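Below you'll find the structures, each written out as structure tokens.
The two complexes that follow have chain A in common; it is paired with chain B in the first and with chain C in the second.
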Partner chain A sequence: MAGQHQTPTAHHEPSFPWQYVIGYVLSLVLTVIPLWLVLDHVLTPTPLTIGILFCAVLQIFVQLFMFMHFTHGDGSGEPAYQTVVLSIGYFFTVVFAGASIWIMSFSSQVQ
Partner chain B sequence: MNTVPHWGIFITEPMILGSDVLIVLTSVAIVFVLTKFKKWGWLWREWLTTVDHKKIGIMYLIAALLMLFRGGVDAELMRTQLALPNLSFLDAEHYDEIFTTHGIIMILFMAMPFIFALFNIVVPLQIGARDVAFPYLNAISFWLFFFGALLMNISFVIGGSPDAGWTSYPPLTELGFNPGPGENYYLLALQISGIGSMATGINFLVTILKMRAPGMTLWRMPLFTWSVLSSCVMILFAFPALTVALALLLLDRTLGAHFFTMLHGGNPMMFINLFWIWGHPEVYIVILPAFGVLSEVISTFSRKATFGYGSMVFALVAISIVGFLTWVHHFFTMGAGADVNLFFAIATMVVGIPTGVKVFNWLFTMYRGRIRMTLPMMWAVAFIPCFAIGGATGVMLAVAPADYQYHNSYFLVAHFHQALIGGAVLSLVAGMYYWWPKMFGFMLDERLGQWGFWFFNIGFYVCFMPQYALGLMGMTRRIYTYPAGLGWTVPNFISTIGAYMMGIGFLFIVWQILYSIKHGKRDVTGDPWDGRTLEWSLPSPAPHYNFATIPTIQGRDAWWMAKQGELDKKDFLPDKDDIKPIHMPKNSGRPFILSVSFFIIGLGIVFGVIPFEVIGGLGVAFCMFRRSFEYDTDYYVPVDEVIHTESALGRLQG
Partner chain C sequence: MTTLAHNNVEHHHGAGDHVHVDYPERPIEYQTQDGALKILGFWVFLATDLILFACLFATFIVLRTHTDGGPTGKELFDVPIFTAETLILLTSSFTGGLATFEMHRGHRNRVIGWLIVTALLGLAFVGLEVNEFVHMALEGATMQRSAFLSAFFTLVGTHGCHVSLGILWMTGIIIQLFQRGITPITARKVYIVNMYWHFLDVVWVFLFTIVYLMGVM
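Then we have the complex of A and B:
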């Protein structure tokens, strides 16, 4: 927007954003599956947890590639900051999910 | 106990009636003044629709100071109730509401807008940018925060405030125990302003990474900008956890889900886990920019470059990562097991190491510097012992077995006030004083400020030192009264005196601001403190496009190097032949309307009024739809106008 860019922003020829639509539908499907698994008591607790985590990880990939321009460079030769930030994000995602399971299982004494 | 919205509350409670009357009178006065002086158009054009980061920053600052007042009044009410045993100044329910709103307002509606004020005012000027990366989004962030705060504040007079603590733990906050609208207000207000906070985090992350002036590498960035970068990374990864926790609790309350109930497989401890995944990083989100302010202030007023720049940056980044791994120390007593508590206890102690590095670096920066004890420097120096004590008691609390004793006692209350007032507030006030001339173009009166400083800082120790003792004597937090004969009376009374002294200190600051608006010395130099970084190369206040020509940065603290003759000072002044039309974003009223729509949705969900939800929802959808098809979002400031402005400021070369 404002700033150093002195040339007017080029408005690309609008093409239908199929990628976003597919990503959106996939996200919805990957959200409905865990909901169905939980509501209809399809699986026992351990496979259920694994199933939900599996759908969650898949959905992360859908969002990264369909929405968040994970693979796009900006063409200016600057470092791809998004790769750095997303790696940190990945680390935190794993830590939050893993540690929450660890913390909430009251593993060592309380059952 | 809270009940369904009892509208009779308007006339039964004298304090609420008083607030109603005050609110109505103030609103009438504002409308009257705006109409009489024909200022409605000015308000709309210059402020409500602005996308200028400097104006948005000023609005954040005003909001933060107002909220500091509101939260401060809450604090004074609580301390008055606790001054002596068995007082009945506030009843239990009212006391609960007040400690809840005090916490929420001070953290989310005072500290957050205060740091965002400094982000907005300083960062683009420090890195040589003309605005933030997404100015329109920036306006949305502000107005979402504003209407979130408004939603929180009207709860007191319409329907009842939340009363389950600022942490809002279920099952107490579930419908069965807390049926009134109060908790809904909490959930919606935080959710709405949380969207704004997240957008601000993204906005400044991109601004800092992509919009620096040529030559300003990451290793030449001022430390305040580094601290904002670290803080933004934390916002990005911490706030989603809060969003999830609040959304699930809202589903429990409005749609009958059972995520955190005691029955049907719910687990209230999961809310606490999610809340603190956000809650602990939140402390660092607020305190990292405060650290950045200190680095700037101490280095400027010691006339030395900050000692150990590289280790400062390393410490910021380390805190922003390790700070994410400590959250369980808020609920050691849940009993997750010795292994869990051990891990988080050690992580909590580890995060003290980079913090200690920073404190020593500030001390070494002052060592053999030519120190000037101006107001910002006084607040910065007061920070160091205060925060050191707050940090030391924090490490005491981090010892998990000992925490079973300290947990929920006044020792904890004293600790986190020392960390947040001693850490965040002192340095944010230092930052406000430091950048005030840059924001408004005049200096604040030094003498009144010193009165404010001494009252506030002495009051702080008088208020909170006795609370450590009270905690060790067994006084738990959040009790609204206590019996005589426990030995708590004297420390409580002293603490209340301290709280009033802090209040007087705040009033001095307000007086100082009002006095200086009329009598303050104009800052015609643009560089009143003999500063080091790029913002001081601009006039005060900066023109709306900031830089007529973007300077090329050839070193760390480039403006200081130029003043020392190491670089050419003329590089920082615009040359007539170099001026080109300046590309700027257009103002828009849509962020304001969008946020009003969110506010209406919020009200609708709080009271379960479906028409409000529908109207607000349509408003949001309409605004987003219109934005999607808007292409005319920017304009060019013509060369003549830039030349005219710059020559009027006496800066034009050639």
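Then we have the complex of A and C:
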């Protein structure tokens, strides 16, 4: 019954999951800051919107780099091809949202 | 640490399962050629799923002010509830990460434990969301009421469906871990389901920011 408790190749992970703990703390901080900014009305609407969106974008990086092994290759020495794929996905996301807002800003007819 | 996989190309797991290992020197989830392909394939899926959410977000952002005299986000959204949902999902992303961590260290029971915690947190999240939707509907804020609410329920509901599917998927993998232990195949499944889970957390952060925070602003 090999592989029931110990895998054949338990490999180089540190003994304490520092990367995950730091990522978790960062994600909590990046949630509390925008919440506080909105509830305490410390900023006017435009800087407030930019501020909370900035925190959300930082959250993406925390999840990608601390949790999702975004830049890790498959161990063969080949590049991490997912960085290309997901970057294209993010590019389209920004374009879809941004272009929709832009083009709809010309019309107030849509109810 | 270096044991079976370095010596034998084939090694045995549980009740006669044969796992063919192509690359014993790689992290366990990448040890089969099939596993490495499936992980890259899943990144491609995440990119396409991201575009699905991009379309729903774009629709919501355009329609968020079109309330047709009906209830607005400010009237409907409950700060403690959506904050709790956010904290629950962030924590579940962390515990899912711990499952991957323990998988790399080869502790089957800890992987199972963290996956169970993750799935239960996911269940708590879905429970809160269903409760929120029911309350909104009872107050007359149904999907049919306004363009804002159509876009809201479609966007948030699509995310909720993803989380619900993730819980079922994770349950299946927990059962397989009980039956087969950590093999290059089950390890790849744990790795991919956690990629999916972290991705849903990223999407939720934007729901939290754009739908809820900007809704109560």
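The working rule: the second predicted complex is superposed on the first by the 73 of 111 C-alpha atoms of A that agree within 3 Å, B and C clash if a C-alpha of one lies under 4 Å from a C-alpha of the other, contacts with A are read in each partner's own complex, and residues count from 1 in each chain.
Note that a residue touches a chain if its C-beta (ideal position, glycine included) is under 8 Å from a C-beta of that chain, and two chains touch if they have at least 3 such contacts.
Just so it is clear, the model here is predicted, and its values are computed rather than measured.
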Message = According to the stated criteria, A:106 is in contact with first (chain B), second (chain C), both, or neither; which is it?
response = first
Task = Could you tell me if A:28 is touching chain B, chain C, both of them or neither one (first, second, both, neither)?
result = second
Request  = Could you look at A:88 and tell me whether it touches chain B, chain C, both or neither (first, second, both, neither)?
outcome  = both
Touched partner set for A:97, first chain B, second chain C, both or neither = second
Inquiry  = Looking only at contacts as defined up top, I'd like to know whether chain B or chain C touches more of chain A.
reply    = C
Message = Under the stated touch criterion, which partner chain does A:63 make contact with: chain B (first), chain C (second), both, or neither?
response = second
Inquiry  = Does any part of chain A touch chain B in one structure and chain C in the other, and if so which residues?
reply    = 1-6, 8-9, 11, 81, 85, 88-89, 92, 96, 100, 104, 110
Request  = Would you mind writing out the residues of chain C in touch with chain A in their complex?
outcome  = 1-6, 11-14, 21, 23-28, 30-31, 36, 39-40, 43-44, 46-48, 50-51, 53-55, 57-59, 61-63, 66, 68, 79, 83, 86-87, 90-91, 93-94, 96-98, 101, 103-109, 147, 180-183, 187, 194-195, 198-199, 201-202, 205-206, 208-210, 213-214, 216-217
Query = chain C touches which residues of chain A in the complex?
reply = 1-11, 13, 17, 20-21, 23-24, 27-28, 31, 34-35, 38-39, 45, 48-49, 52-53, 55-56, 59-60, 63-64, 66-68, 72, 74-76, 81-82, 85-86, 88-90, 92-93, 96-97, 99-101, 104, 110-111
Task = Spell out the part of chain B that touches chain A in their complex, as residue ranges.
result = 129-131, 133-136, 205, 209-211, 213-214, 233, 236-237, 241, 267, 269-270, 273-274, 277, 321, 324-325, 328, 335-340, 550, 580-581, 583-585, 631, 633-634
Query = Across the complex, what residues on chain A touch chain B?
reply = 1-6, 8-9, 11, 78, 81, 85, 88-89, 92, 95-96, 100, 102-104, 106-110
